[in-house]
Structure formats: structure tokens, C-alpha cells
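In the two assemblies presented below, subunit A is common to both, partnered first by subunit B and then by subunit C.
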Partner chain A sequence: MSEALWGPGARAKTSLDMVALRQAWLLAVNDLRQEARDLELILTSTFFSLVVLIMLGMSFSALGVSSQPLAVPGMLWLSVAFVGALTLGRIFTREREFDTLRALLVAPVERVSIYLAKAFVTMVILLGCSLLTVLGLTLLFPAAQPFADRPLETFALVTMGCTAYAGVGTLFAAGLASSSGKNVLLSVILYPLTMPSLLFALVATRSLLEGHESFTTYLGQLTATNVLAFVVGAWLFEPVLVGVPQKRRGAARAARRRR
Partner chain B sequence: MKNILPFAMLGVAALIFPTSVSTIFLETPIEQQMGTVQKIFYFHVPLAWIMMLLAVVCGVSAGIQLRRDSKRAEAVSIAAAELVLVTGLGVLITGPIWGHATWGKAWTWDARQVSTGLLWLVFAAYVLVRHYGAAGSERLAAGLAIFGAIDVPVIYYAVKIWKTTHPSNDVAGSLPASMWAALWPALIALLLTSLALLFIRVRQELTDVTLDEAWISLDDAGAAQPATGDA
Partner chain C sequence: MIEAEDLRKTFGEVIAVDAVSLSAPDGQITGILGPNGAGKTTTMRMISTLVRPDRGRVRVDGHDAATEPSAVRRRLGVLPDARGLYPRLTARENVEYFGRLQGLDEATLRARVDRLIERLELAEVADRRVHGFSQGERAKVAIARALVHEPQNVLLDEPTNGLDVMSTRAMREVIRGLRDEGKAVVFCSHVMQEVSALCDTIIVVARGTVVAEGTPDALRAQAGTTSLEDAFVSIIGTEEGLVA
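Then we have the complex of A and B:
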């Protein structure tokens, strides 16, 4: 199987897109397998989600039922934003600690596959934490009952919201990991860029809780934001992570040195 | 010629600006519904147009920087981003003043207000990453600038896509000639000032790069000398 994927004849056998997707899948499975072994990211993110949930419950328990549909969407997506920043901060740490990001970059793997794999892993962890938050909010606030009444819509909404966050966040988390940058900058970059998708998710959640027909429109707009985030993220991943090859400039410099 | 151009532009802007202010406050009729506060329109709209133009310039030059590793494009990107912050601040100050007088509320969370605020935040993040980021973060900042430029069409079409309290894009086309006569000089003066500052800042940034390279080559030469001596 690996010969078919990585070997010289791989591109002849399947199209480039399919190879990239299968490489992404293998990388994601590998990351998830490593995560399943030590559970570091899963446990810390879940614990953090629970702490945020308890703080939200304590702060807003006195909120009237009529005001809750306005507050619950904010609670959900702020929690996703915080957990997302934590997850993205850690998603490349293992690569940085063992210097495997460089190994990954020189391996015969499409760069877009690395991006898709990391985004997928982020999304899976974020989705798990978000579903936990949704469950907690449903138990704590009576106005969040539509989450339980319309599980498919809720799942679609949470998946779309987490996907957009992972799409944008993975690009910049990777960039910071490769530039040995300060992690505080991740939050500086992440929140303004993910705000449009979080805002769409917020209004879609409100319309879901209030039973408005506009829910599907907002979900469609959120999906469009996701597509845009992933297309731009995949397009920018290689230039942001490693820059462009500078053969010509390097050669000119070398020639000048020889002279 | 290149050295004089920005200062010539600043000089022309300095000549036009007082005339523009006098036209706005003394010659243009006072709007019946909004009163004198409507005069802020002549500063708010040109600043918003210039902010969007500079955001696009920043995004495009960041794209060129990423594709070709061009120092000139990087300098343009830095200068444009800083000016987006300045003009954006102008837009975000004049807008709520006008909104408070017209809608009775300075900030209504209107789609255009939110997307403009987001644009400002993205470019503020760009400037922070440029200043405090480690080596290699210039590519990260370029990625941010591209996302920022994508926000420009969102700002423009926000009033068409969503229900907003903001006036529609067609308002500019339906303005009477007397208002255009006051809007043009304000736009030209502010645009010339912004472009002059852009040119000056680009030159500063390129000088900075040249100095850096000179410093590195001096350092390299210093490091190479003892080795040659030993040999």
C-alpha cells in the first residue's frame, strides 16, 4: 500500500488529488493514533471545556429563560474559540519538540496533505469538545433544549463552525511552529481571522434556538466561509510554512561569490 | 524625482485640504434631516475608500512577497498595512459619530461596521506579528494580509447581502453635484496624503533592509577574516 502511495509510480496509478487525500488520511490517522496513546490533547481540551462550562453555568445561572437564547450561542462559540486556541497551540508542539515537522516537510508528501491532516485532527478534537459543551449547555439552560430536539441540525452547525476554525487556525499554527514563533501571537492572529465564521455560527445558533427558518441560510453562509477558509488555507500553506524556492536568486548569489 | 514625488504630493494635498474644508463647511448646503453632523460624510467616505484600497494593495503585495520573495513587495505590504490601521481608525471614529447623530446609536453591530472592525483587527494583528514575530513570521504576516484583503469585498457587499442600517452603495451615485464638488477635493487631498506616506514608509523599509544586509555582510566578512588569517 505504501509503495502505491509514496513510490515513484504513485502518480501514474492515481490522480494527484487522490494521492494527496490518501496521504492526508494516513497522516491524520497516524496523529490520531499517537493521540490515542497518550491522550494529552484530548484530556486537556476536554478538561478545559468542562472548566469553561462550569464557569459559564456559575456566571449565567440566574439568567431568565427569555434572555437565554441570546446568551447561549455566545457561550457555545466563545468556548469553541478558547478550546480551539488551546488545541491549535498544541497540535504542532509534538512536531516542534521532536523536530519532526522538518522531516515531514522533506518527506515525499504533498504539503497540502500535511495541512489537511492537521486540520482534520484539530477538527475532530474541537468537535468532541464542542459536543460536550452543547450537552452541558442543554443540561444547564432550558432555552438550549432545541439542541437536543434537533440533533442533526445541531451536529451540522457544530461541525461547520469547528471546520472553519480548524481551516484558518491550522495554517497559522503551522506557520508559528515552523518559525519558532511566540505562541501568544497565535491568539492575536486567530481571533480576528476566525471571527467571521464564529459570527455566522453565532447567528445560526440563535436562529436554531429560536426556531427561525433563516437557520439554513446562515448554515449555507457558514459553509461558504468554510470552503473559502480551506481553499485559501490550502493555497497559502506551502508559501507561509516554507516560503518559495529561491533557486535563481541563490544561484546568482553563489555566482557573485565565486567571482 | 523619486525622492521629491511624495513631498510634492504632500504639498499639493496641503494646498487642496483647506479649500476642501472651506467648501464642505461654508459652501455645501446643510442636509435637512441630519444637520451639520452630515459634514462628517466628506471625511468618513474618502477614508473608508482609501482604507479598502490600501488593504487590497497590502494583500496583493503580500501575495507577490510570498510568490517571489520580493523585498520591495514586502516593504509595500508593511507600509500599506500601517496606513490601513491609520485610515481604519479614522473610519471607526468618524462612523460612530455620524451613526450616533443619525441612528441615535454609535454602534449597531451592522454587517458593514462589523466587517470594517474585523479588517482593522486583522491589520492590527499583521502589525503585531511584524513587530513581535520571530524569524520567518514575515510569511505568516503576509498570509494574514491576504485574508485581510479578502475582507474588502465583504465590506463592500455587506449592505447588499445582509439587512443593515448602513446606507447602500448606490448613495454615492445619487449624490447631487454640490456634494460631489465637496467630496472630490477631500478625496484627492486624503488620497495624496496617504500615497505620499506610503511612498515615504516604503523607502524607509527598503533602507532598513539595505542596512540589515550591509550589517550581515559586514558580520560575515568579520567572521571570515580570522579564518583566512589562520590559514
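Then we have the complex of A and C:
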């Protein structure tokens, strides 16, 4: 094993964090490579975003310019929430359908790497769809013009919003990949838990459209929710993915009975 | 070397494995034989760190699976029962992907993948996508993936399941080759012919527990029969779930 980049001989040279990051990168590249070959998720999410955009445009085209800064943030983040649920529902599909997750779990792959890779892929797809939605909203609604005028802020906002959503959502998508996962959990648990991030993103977007100085404060808060989402997600990912051993569950039940 | 001690695993009220202990030394093929639902796959999953036992412990080359799971995984090559290959990747890409995850550098990886492709006679299909592969080709690719990091211990879950005669013979040669290289090979099967043809030691599992253990000759002597098949039936107490 002397030629291994990590392994018994290389462990001292390569820190665990670097190993996890490198593995996360390999996992994400593999997912994106397969996605590039069949475009299953990308096409589904993109067409869904376009349909939502057309429906929003047709429904709200008569909205007055003064009301648009109130409505456009809702349109953007509602679209992200729907596309996110669609993406997350399928992010572990390859592992589930072809049973590759087991092969992955018996390899010396850090569980946090799988979480980071899946969150990254979700974020990339979500970001692409969100940018498409932003472009459409800018074309359809005059009040969304600040998106075009302040592209860096817009990009930072959309990236932060999508990252937070992916961070929380990937954890629950992992629950679907395990045999105990139930699809209904994604909607029942995902939406309430992503609500804080979506609300911060919503308020920050309105602040951006109205040109308030508070935008950077809201963006900072959104970043903080990102950090929180990823810390909690990384911490809980393994129990969600592979389950809690019976003994621990038994101990927890016994503790509840004692109380 | 793989050592399991007093393993127990329950799923809800069902006791899948209870008090299973086994030792698989280097340079030997240890077979776990039992009818369907006997607890073979659950035992394999506990050894491969996929399932945590409720009780007992697993050690691989002296590393404890509960406290050093990564060290154990690095020393194991696992062929899961479902194979688990990415159909949109080629055979070569599937093996290379797992080699990279094992931390192999590119030069070593390429050399090893080429060697495995030659050894497993996969050259014709190596650069084709796995989608559409036969069962035998899938099994070979999955074996190559399990061996790419040259593990000292190999776990094979129903390695010849669904294979035709030629593929089964080829797979047996590969398994014997691993033993001759000094690796500890554990494989589970419900096919008696497989186990008796390959194994140095046989562990017979029924209803989640070990009911007999020994060489094929020792098992025949224990059961007082001349045929291994009769010995298995006598030890297990039923023919149900076993394939001759």
C-alpha cells in the first residue's frame, strides 16, 4: 500500500480533512460525469424551471411595477424550493436503483465525503436552474432589473440560497436512499427545515431589489445558516444513511421508558 | 485474517444472527454455507462494516471494525450480492473510480486495472458501458473493483450467483488464485457444490447460528455420512433453501 495517497502508510502525511475533501471531489466528479452522459436530472430540473417561469410570467404579467419587488423574491425562491425537491428526490437514485451505495459504503470512503459530494451536485444543478429563473424574471419583470445591474451580489445571493437548501436537503435525500426512507418524509421534513434559509434568502432578495444597504447583513445571516446546515448535515448524515444500531435504539427506548 | 466473535444482529423482533463466531485465516478459503435466510449475508455485512452488530466484535488483520472501520475497509475487498456497478460507466471506469477512492495514484491505478482486466479476461468489454453486460461480466467487473487495491482479505457474497458454467469455472479459478496468493477469502453461498469444491473450512449456518464448522471431511465424519450433501442436510435438519 506504499503507493496509496491515503491508507496505512500515507495516513500520517495526509490529514483526514484533505482525504475527505479529495474523496468528496472524486464522488462529485463521478456523479457529474454520469449526469453529463444521460442529462436525466439536468433536463428534468431545467424543463421544470422553464415551466414554472412561463406560468409565473403568464400569471403575474399584469402586476404593477411597484408590487413586483414584493412578488419577484417569492417567485424565485418558490421555484428553487420546487426544483430542489425534484432534484433531491433523485439525487440518490443511481445508488438506490443499481445498489452502488453498498459498494461505496464498504470502501474506505468517509461518510462526510458522500454528503459533501451529493450536496455539491445538488447545489450545482440548483444553481443552474436558479440562474435560469433569475434571467427569466429579469426579462419578464422590470422590477427584477437589479439582478442584471448587480450581477455579483445576485450570484452570491443565489449561490448562498441554493447551498443552504442543498445542505439541509441532502441529509433527507440520504434517508430516501436507505431502505427505511419514505418519500413522504422529504416533503414533510424538508420544507419546514429549509424554511429559515428560504426566508433569509427571500428577505435578502427583496433587499437587493429595493437597493437597501441591509442586503449584506441578510447575506451574512444566510451564510451563517449555510454553515449551520452543513455542520448539522455532516454530523447526522451517517446515522440517516446507514441507520442507528439496534443496541443504541434499544438503549434509547429503555431510557424513555425509565423517564 | 478475519475474526468474528459472538456476533448478534436483530431487525426489530427478528433475530437475524445470534452468537456467530468465525475465524478466516490467510491463505485459506472459508465458506459460509446455509439456506436462504440463515444469516449469511447479515454476517458478511457485519464483517464488511456495513451493519453494526448489536453484540460481539469483528477484527480484520487485528483492526476492530467498531473502532477502526476505515482501517478495516482498506483491508477488505468486498463483492456484494447485488454487484452494485454504475451502468453508465464503462467496466474500466467503474474499477478506476473505486481505485481512486481507495487512494491509489494514477500510475499504480492504471497498471493494476490493466492487470485485472487481463487476469479476468475483460479486455473485450473493458471500454464498454456496463449497461447490457451479462451476469458473468458484471461479476467479473465487481471482482476487479473489489481487488483493485490489493486487499489482504476478500469477502465474496454469492460470487457465482446467476453465472453460466464457463463463468462459474472462471470465477472459481479466480477465487483459488486469491487463496494461493495468501489472502484470506470468505465466501458465502447456499450452493453446496460451490462450497465443497472450493473451501478449506466450511461454517454451516442455520437460523442465525453456527451449527457446524470444519473441513469437508470433518463435517462428513461429524454427520456420519459419506456424502457432503447428506452431511449438510443432517446438520441443518432440513433441505429447504439449499441448492446441491
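Here are some notes:
Assume the second predicted complex is superposed on the first by the 232 of 259 C-alpha atoms of A that agree within 3 Å, B and C clash if a C-alpha of one lies under 4 Å from a C-alpha of the other, contacts with A are read in each partner's own complex, and residues count from 1 in each chain.
Simple rule for what comes next: contacts are C-beta pairs under 8 Å (C-beta built on N, C-alpha and C of every residue); 3 or more make two chains touch, one makes a residue touch a chain.
On a predicted model such as this, the values are computed, not experimentally measured, just so you know.
Using the contact criterion defined above for the overlaid structures, shared-chain residue A:Gly175 touches subunit B, although it does not reach subunit C. When the two structures are aligned on the shared chain, A:Gly64 is found in touch with neither subunit B nor subunit C. By the touch criterion defined above, A:Leu236 reaches subunit B but does not reach subunit C.
In the superposition on chain A, A:Val19 contacts subunit C only, with no contact to subunit B. Of the two partner chains placed by superposition, only subunit C is touched by A:Val109; subunit B is not. Look at A:Pro196: by the touch rule set out above, it reaches subunit B but stays clear of subunit C. The contact surfaces that subunit B and subunit C form on subunit A in the two complexes overlap at residues 246. Considering their complex, residues 9-11, 48-55, 70-71, 73-74, 76, 78, 80, 82-89, 97-98, 100-105, 107-108, 142, 145, 149-150 of subunit C touch subunit A. Taken together, the subunit A residues at the contact with subunit C in this complex read 1, 3-8, 10, 19, 23, 26-27, 30, 33-34, 37-38, 94, 98-110, 242, 245-247, 250. Within the complex, the subunit A residues that touch subunit B are 168, 171-172, 175-176, 178-182, 185, 188-189, 191-193, 195-196, 199, 228, 232, 236, 239-241, 243-244, 246, 249.
Taken together, the subunit B residues at the contact with subunit A in this complex read 66-69, 114-115, 118, 121-122, 124-125, 128-129, 132-137, 139-140, 142-144, 146-147, 150-151, 154.
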